[in-house]
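This report refers to the structure that appears directly beneath it.
First chain written, first letter: the chains are A, B, C and D, and each begins at residue 1.
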Amino acid sequence: MTDLRSKEIHDEIDGDTLHEECGVFGILGHPDAAALTALGLHALQHRGQEAAGIVTFDGKQFCTEKRMGLVGDHYTDPATLAKLPGFMSIGHTRYSTTGEVALRNVQPLFAELHEGGIAIAHNGNFTNGLTLRRQIISDGAICQSTSDTEVVLHLIARSKHASTTDRFADAIAQVEGGYSMLALTRTKLIAARDPHGIRPLVMGELDGKPIFCSETCALDIIGAKFVRDVENGEIIICEIQADGSISIDARKPVAPQPERLCLFEYVYFARPDSVVGGRNVYVARKNMGQNLAKEAPVEADVVVPVPDGGTPAAIGYAQQSGIPFELGIIRNHYVGRTFIEPTQQIRAFGVKLKHSANRAMIEGKRVVLVDDSIVRGTTSVKIVQMIRDAGAREVHVRVASPMIFHPDFYGIDTPDRDKLLANQHADLASMCRFIGADSLEFLSIDGLYEAVGGIKRDPKSPQFTDHYFTGDYPTRLLDQEGASNVRKLSVLASNG
Amino acid sequence: MTDLRSKEIHDEIDGDTLHEECGVFGILGHPDAAALTALGLHALQHRGQEAAGIVTFDGKQFCTEKRMGLVGDHYTDPATLAKLPGFMSIGHTRYSTTGEVALRNVQPLFAELHEGGIAIAHNGNFTNGLTLRRQIISDGAICQSTSDTEVVLHLIARSKHASTTDRFADAIAQVEGGYSMLALTRTKLIAARDPHGIRPLVMGELDGKPIFCSETCALDIIGAKFVRDVENGEIIICEIQADGSISIDARKPVAPQPERLCLFEYVYFARPDSVVGGRNVYVARKNMGQNLAKEAPVEADVVVPVPDGGTPAAIGYAQQSGIPFELGIIRNHYVGRTFIEPTQQIRAFGVKLKHSANRAMIEGKRVVLVDDSIVRGTTSVKIVQMIRDAGAREVHVRVASPMIFHPDFYGIDTPDRDKLLANQHADLASMCRFIGADSLEFLSIDGLYEAVGGIKRDPKSPQFTDHYFTGDYPTRLLDQEGASNVRKLSVLASNG
Amino acid sequence: MTDLRSKEIHDEIDGDTLHEECGVFGILGHPDAAALTALGLHALQHRGQEAAGIVTFDGKQFCTEKRMGLVGDHYTDPATLAKLPGFMSIGHTRYSTTGEVALRNVQPLFAELHEGGIAIAHNGNFTNGLTLRRQIISDGAICQSTSDTEVVLHLIARSKHASTTDRFADAIAQVEGGYSMLALTRTKLIAARDPHGIRPLVMGELDGKPIFCSETCALDIIGAKFVRDVENGEIIICEIQADGSISIDARKPVAPQPERLCLFEYVYFARPDSVVGGRNVYVARKNMGQNLAKEAPVEADVVVPVPDGGTPAAIGYAQQSGIPFELGIIRNHYVGRTFIEPTQQIRAFGVKLKHSANRAMIEGKRVVLVDDSIVRGTTSVKIVQMIRDAGAREVHVRVASPMIFHPDFYGIDTPDRDKLLANQHADLASMCRFIGADSLEFLSIDGLYEAVGGIKRDPKSPQFTDHYFTGDYPTRLLDQEGASNVRKLSVLASNG
Amino acid sequence: MTDLRSKEIHDEIDGDTLHEECGVFGILGHPDAAALTALGLHALQHRGQEAAGIVTFDGKQFCTEKRMGLVGDHYTDPATLAKLPGFMSIGHTRYSTTGEVALRNVQPLFAELHEGGIAIAHNGNFTNGLTLRRQIISDGAICQSTSDTEVVLHLIARSKHASTTDRFADAIAQVEGGYSMLALTRTKLIAARDPHGIRPLVMGELDGKPIFCSETCALDIIGAKFVRDVENGEIIICEIQADGSISIDARKPVAPQPERLCLFEYVYFARPDSVVGGRNVYVARKNMGQNLAKEAPVEADVVVPVPDGGTPAAIGYAQQSGIPFELGIIRNHYVGRTFIEPTQQIRAFGVKLKHSANRAMIEGKRVVLVDDSIVRGTTSVKIVQMIRDAGAREVHVRVASPMIFHPDFYGIDTPDRDKLLANQHADLASMCRFIGADSLEFLSIDGLYEAVGGIKRDPKSPQFTDHYFTGDYPTRLLDQEGASNVRKLSVLASNG
């Protein structure tokens, strides 16, 4: 079984990228509900490779399968799908931020309520999750996991409202943060998105049946049509009627807020072929590269992406600058879940397990190295060194997003503040020396806003969530403010 | 993974015996807490082979390991024990009655309460468990499993009392049924036994540290001393003090009831070397055989036990009757967890996978076949046939317990009432014809009482729990009375 | 995977018993060939629990499955049996003596020969195996395992004869030692037994189809009839004819020798219900106990077997002496493959993981403890101590076989000569002190001969193989004589 | 366990690409021999993902580990490396062509010879392997696998020469075909390459210790220096001397032939950053794309690669044509070993499990789709359809290699001749209609020769192996000529 140690090691090998918690998928009224959910989760696998879970309701009981590992390892064989009968299903693929690595914490979570069972899957994080948990426990409830999802289940169960929908809306109104959430009851599929729309959630349709999922790429794989984004602060309730038809109802239980999608979805998380907030991600990334070429040009022989994240921006940089785009770094595609707990001997090879320099494209050349972002900078150091070892004459690092100064509390796994490269150095020159490049430039925040949304940042009312760059958090951070008190909970360490 | 289907098949091969839910073990204040718990559970393995779990508290956090399979398969290697640090531990080995076969339902269960974490393991069943669950859910709690243990956790969490001990006592006062229960908090090990003492629970001591376990054989394996039985209706609270000493306190939160230990512990469940309620189990079983020989003598050449359950009674029968005891049936010890989902072809061999006739002791002989009990009778049919095929001249079946007419609701897994042999036939002669024996006799209820307790059954106040034979249930059966309403809960089928 | 270390530990827990290499089973012409072979191997599981293999021929190709672990764990599910189609099959269950613990060495072995494929499974050991291997290799052959079976394959392949049968006979004529062997070709099932008949092999019949197996218990489980023993030095060739009928032919390629079955088959290895050499094993063991009671009587209160090996002899001792037979030691049946690589902490519990004293039958009593044999004596020490700890007044150890002085070279895994109890002490009194008993007696060699064969040992021509007691080896020991030269082979350590 | 069925399904999902058998790596005299071999094999993982094996010699015995799955899954943890001690090691990573999918066939193979043990790993295929096997078997040897490697071991064992080196050279002289081979003895690491140099093999050096491996990328990952190619027909013998120094000796046992490296190494197999035959593979592929743009230009809006194989050629096509290179197809990197035995429902999604259209780059556009090669064409059909579904105005397929007409017998797994697209259609127009493109063009054979070697094909003495395109096999095909007779061997089907 994977444990925390291997996660650390994976980070070491995998570079110092950020990780998002999850992807979600749900469908109502389709005979192939579980299989379609498995395919949708496979398309969302980039949002979390640690574990996946699917819950269906077959008219009599809720059925669930949860497994560590990739969707395709477990959910596509007849034996597993046979255990997930029914016309309605939600699923979840997970990378762990809150809570330990354990099957116990794998979503969706299920609870028996007075009015019947309910299963919930969510992507994101509550900024008042610990505060709520403390209240719930002091009121006499028991918590069996450390996940936000369990908090939502408790809030639903404790609501004074009669209907499940009202209870769900009541629960949603109490949580703060960034999230996309799906719930499955005996007759309903419910979708909800946080008031700022920080995390993405889209609605689709297949054979007339409603689908919700984190990104449009999960619609494309099964040939479903994109209908619309779930709006920020919106709850959409789909219900199977007695005649088999499906009613769709929407509501906004809390006061509307301006939408502010997370910029890191565009910079790194979302799949390039997805359309997030109406914008193709690949195009946004190419724009970042083009703007970067305008803001930070350099005389060079080749534009080389740090694969795979930096590739679209590198193509944009190359097209804008006229410098040829070349695969100067080759990625080993067989890293995956491999290298669990390697010896120190093996770990020392670090980035070379995943990347290797393509000497013929590097030797004697002036190289523009394009990456999507820099977090701790430790991987950049190794990659720049690798490029130099391959004989580069000059190495100019260009980063297609601004410097990261602040942690995230909306579902992105960020290192401690003082581990961030931008906080470890007084200025750009010092950073450049640290990573060993001849020059280093980051895309400006306005350059990023223009690449994604077409216009500069509005400082009074920013169009996107961008606190990691700017410190401007879209919500209050209740748990953080009282952190010292709240965290005093016994934590159950499980390896099950 | 084991699933429900394989359980059915196992029943088919394993004969139509009854199965008990669980064994429990706990220790406080010992540096080898987890290893001793693993050894204790190994000695209690006969009470449940499906799964086992151990929880420890290491001064900072609760640690848990839960695994499908035998204790010795998982809990004795250094890697697993290293994940279970600390001086206090409770453990559980389980055969499933209530709740499906799934890691999620493996005990001990843990919950975060206002005053800190608590883990609970129990053997037995609540007769008002579903009723309580319905109340709890309608009050706004969420239930994530189908186990009675979760009900207890909720009752503790919802109690108005301040201390954990008072909360635990408050919870215990609300449940009805037969149970032995262990709880572990940050400083306490708590043991509780139901008001009738239906399920066994004993207290022991090792190096001055308190131990609780289902049977004395778990004390013997680690060289611990037997202290006393936990009394019916008693709660014993052991707490580590600031100076490292351990305080022990006992209380009885509900009105005292006469003790009525489950007779089936003597007939079948407990290990022969255990002392249950002050009586050695092997001696009790030999007495059953001796009384059976007195009540139902027969002229014969050999006394043959149906191994291993019938062996002590057969020895008693042979000693009383003077007919030689012989191993006329040889048991294959390699059945264990094997034969998961065999082909129909293999299943047809049924009982022969486990037992074979020792022809030299059977051929031409008049055989007294001694078994501990008959449930459905389907295995008896096959064994009698096997003995006849081996050339027996006569086959006289003697059963060392009375006929079973009624289901159990205190932790024994009984088949539906109409599947019981005694309910399928008008009289003994019909049963005898069904199983194909030359004669068939059961021990009388008084013969059983005398074998175990030395005196006949007192019909006004029976000394033991014996409803499966007599229909005299020691408690009301609240869930059963309102069964049709109560059972309408969504059940979550999990294969995780 | 199991490795050598866990084997050592298993020995430690499992007591210092001897282990035999294997059991074999083969059937020709039956539509359920593989399933019947799996059942037969399950009945022979006591002859080897480490691994099992089955080979079938389906008319076109040979199919094989080999697995570590018990037969019932792997060979009874539809998926595995579906991979073993065909009407002819041989199988093998193994405990490792020669060769390491590895799937590579699991039998049957298969080879492509000029006249078609051949698979071979065998129980026993060649006393000239290393000598032959050295010759074969020096002639330019390659050896890919360290098993005797590979040697036979080479001898068959190199034979100058034309027919497979003649080649097989030619090979058999070159090997020395003790063995039972089965071979499967495209049309034939061939059985062979060594010239002295040291290892057992019987012929049976089901639905008119021939079966060969190590013991009759493998016939009983599938309802097959016993036909006869394969004679010492005999080869039996069964062949499917063009019309579907089966021809059976027998020959004896080497000069006849007097039959000398291994006495340890009667003392310990064979299942009690098996008929070996025409004698029921359980009866033979009871006779040993009776003779022991005559030779070494003692005044006592109970006769207690060391389970399970000592049970039949203890019944005999009790019947002869009139002292009651009681289960004074209870065996934990859940040891099996468990306790792989336990901590030292756990290992210290040694014999208690498997056996526990039944105090009620021991306390204050004079105990006769009956065991089948004593090898190193280390387990006897612990068991006697356990009986004393349970309060025995006196402990008299009676062993139902003579003292063991000499190693075996015919397929029994014996410890080094100087580890044997009998070689570590000057006399019986010293041994008795070592194991801590009040008295210690072994059955005499004549007492054993009479128990098994009805008459005393004929020193000029002993009726059985008994070198472990007497030093009288039935064959020369070629490999041993030149041991220092022969063993200089590179050994391949595999963990695959 | 993986079986043949899942292989077929994998082919279905994985597109109709060709597969190569293996990669090899060996090192002599280095303290980290096994770890370096594991890293080298990881870099060669693209040459075979089914299984991997490593053999070391630790001065006393040969140690081996063989595992199904990826190198990084098994060979980098301390426990596995601890089982592979020693200063000399060879390893192998495998995709199965000859022989079934089974651990038994995983290389390296080991044999005990007269002069000591030897382990052999090889990449490639013998064109006289079955013929040799028939001779060897008829001479009285036994064959236990269906691999060519076993044939080599037999030839070495049977050689009349005295030294291992001479025996190895003698064996090499008898085999025909295309191969790179490594052998490990107690003191030597030996490398051999076929007389035409069809399969690649390079020599490197780390800390003064010799290394041999299939491609230079395995040198790069461990920071080793490239020394030179092993020449066609050359055997290089490295031996540790008594003083710890290493002697290196080379010889050519057979008459020299012109070198003819396999063109498919350049077209598809080798990693882009490898240098094969002195030529960087990425540059060769870009040249193929540039030549394709010259030979088959088209007016279009975007150049889209079929990832990842078509990417370098697409970059070349784009640079040459001036049409922008865009990621119009996004590859799901999480396919790996996933989707084992999916339901038909899931299989129907076929290529979409791996690839998805990036609509923003496709819709309304004239698309040039660049792929490295077309084998059966079935995947091309699906990809063209996917591009059309995403709204492409025109789809022009450009293939960076010639049409494939002929099967390979040198280690490439080709489908049956009549399954090849080029053999199923009368002309290019018919193929184009079949795959549904607006136009279809293949690179000419001369265009390919120029891309790789700088000059046109010399029809009298072609510079490369190119029979799949031209039918001009570099060697005779002995097994094929007598195929009907030779194949009549029993094949052992193993799933172990």
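Following the convention adopted for this analysis, a residue touches a chain if its C-beta (ideal position, glycine included) is under 8 Å from a C-beta of that chain, and two chains touch if they have at least 3 such contacts.
Just so it is clear, the structure is predicted and the values come from calculations on it, not from any experiment.
A.B. asks: Find out how few touching-chain steps suffice to connect subunit A with subunit C.
C.D. replies: Minimum step count, subunit A to subunit C: 2.
A.B. asks: Common contacts of subunit B and subunit D?
C.D. replies: Chains that touch both subunit B and subunit D, as defined above, are A, C.
A.B. asks: In terms of CA centroid distance, which chain is the most far removed from subunit D?
C.D. replies: B
A.B. asks: Between A-B and A-D, which chain pair is linked by more C-beta pairs in contact?
C.D. replies: More C-beta contacts join the chains of A-D.
A.B. asks: Indicate the whole-number Å distance between the mean C-alpha point of subunit A and the mean C-alpha point of subunit B.
C.D. replies: 48
A.B. asks: Just curious, how far off is subunit D from subunit A if you go by their C-alpha centres, in Å?
C.D. replies: Inter-chain centre distance comes to 37 Å.
A.B. asks: Find every residue in subunit A that makes contact with two or more other chains and list them.
C.D. replies: none
A.B. asks: Is the chain-to-chain touch network here best called a line, a ring, a star, complete, or other?
C.D. replies: Looks like a ring, each chain touching just two neighbours.
A.B. asks: What is the complete set of touching chain pairs?
C.D. replies: All chain pairs meeting the touch criterion are A-B, A-D, B-C, C-D.
A.B. asks: What part of subunit D is in contact with subunit C in the complex they form?
C.D. replies: The touching residues are 61-67, 83, 103-104, 109-114, 116-117, 133, 137-138, 140-144, 150, 153-154, 156-159, 186, 489-496.
A.B. asks: Under the definition above, what is the set of subunit B residues touching subunit C in their complex?
C.D. replies: That would be residues 32, 35, 38-39, 42-43, 45-46, 49, 70-73, 76-78, 81, 217, 220-222, 271-273, 275, 280, 282-283, 308, 311-312, 315, 319, 324-327, 330, 332-343, 345-346, 349, 352-353, 356-361 of subunit B.
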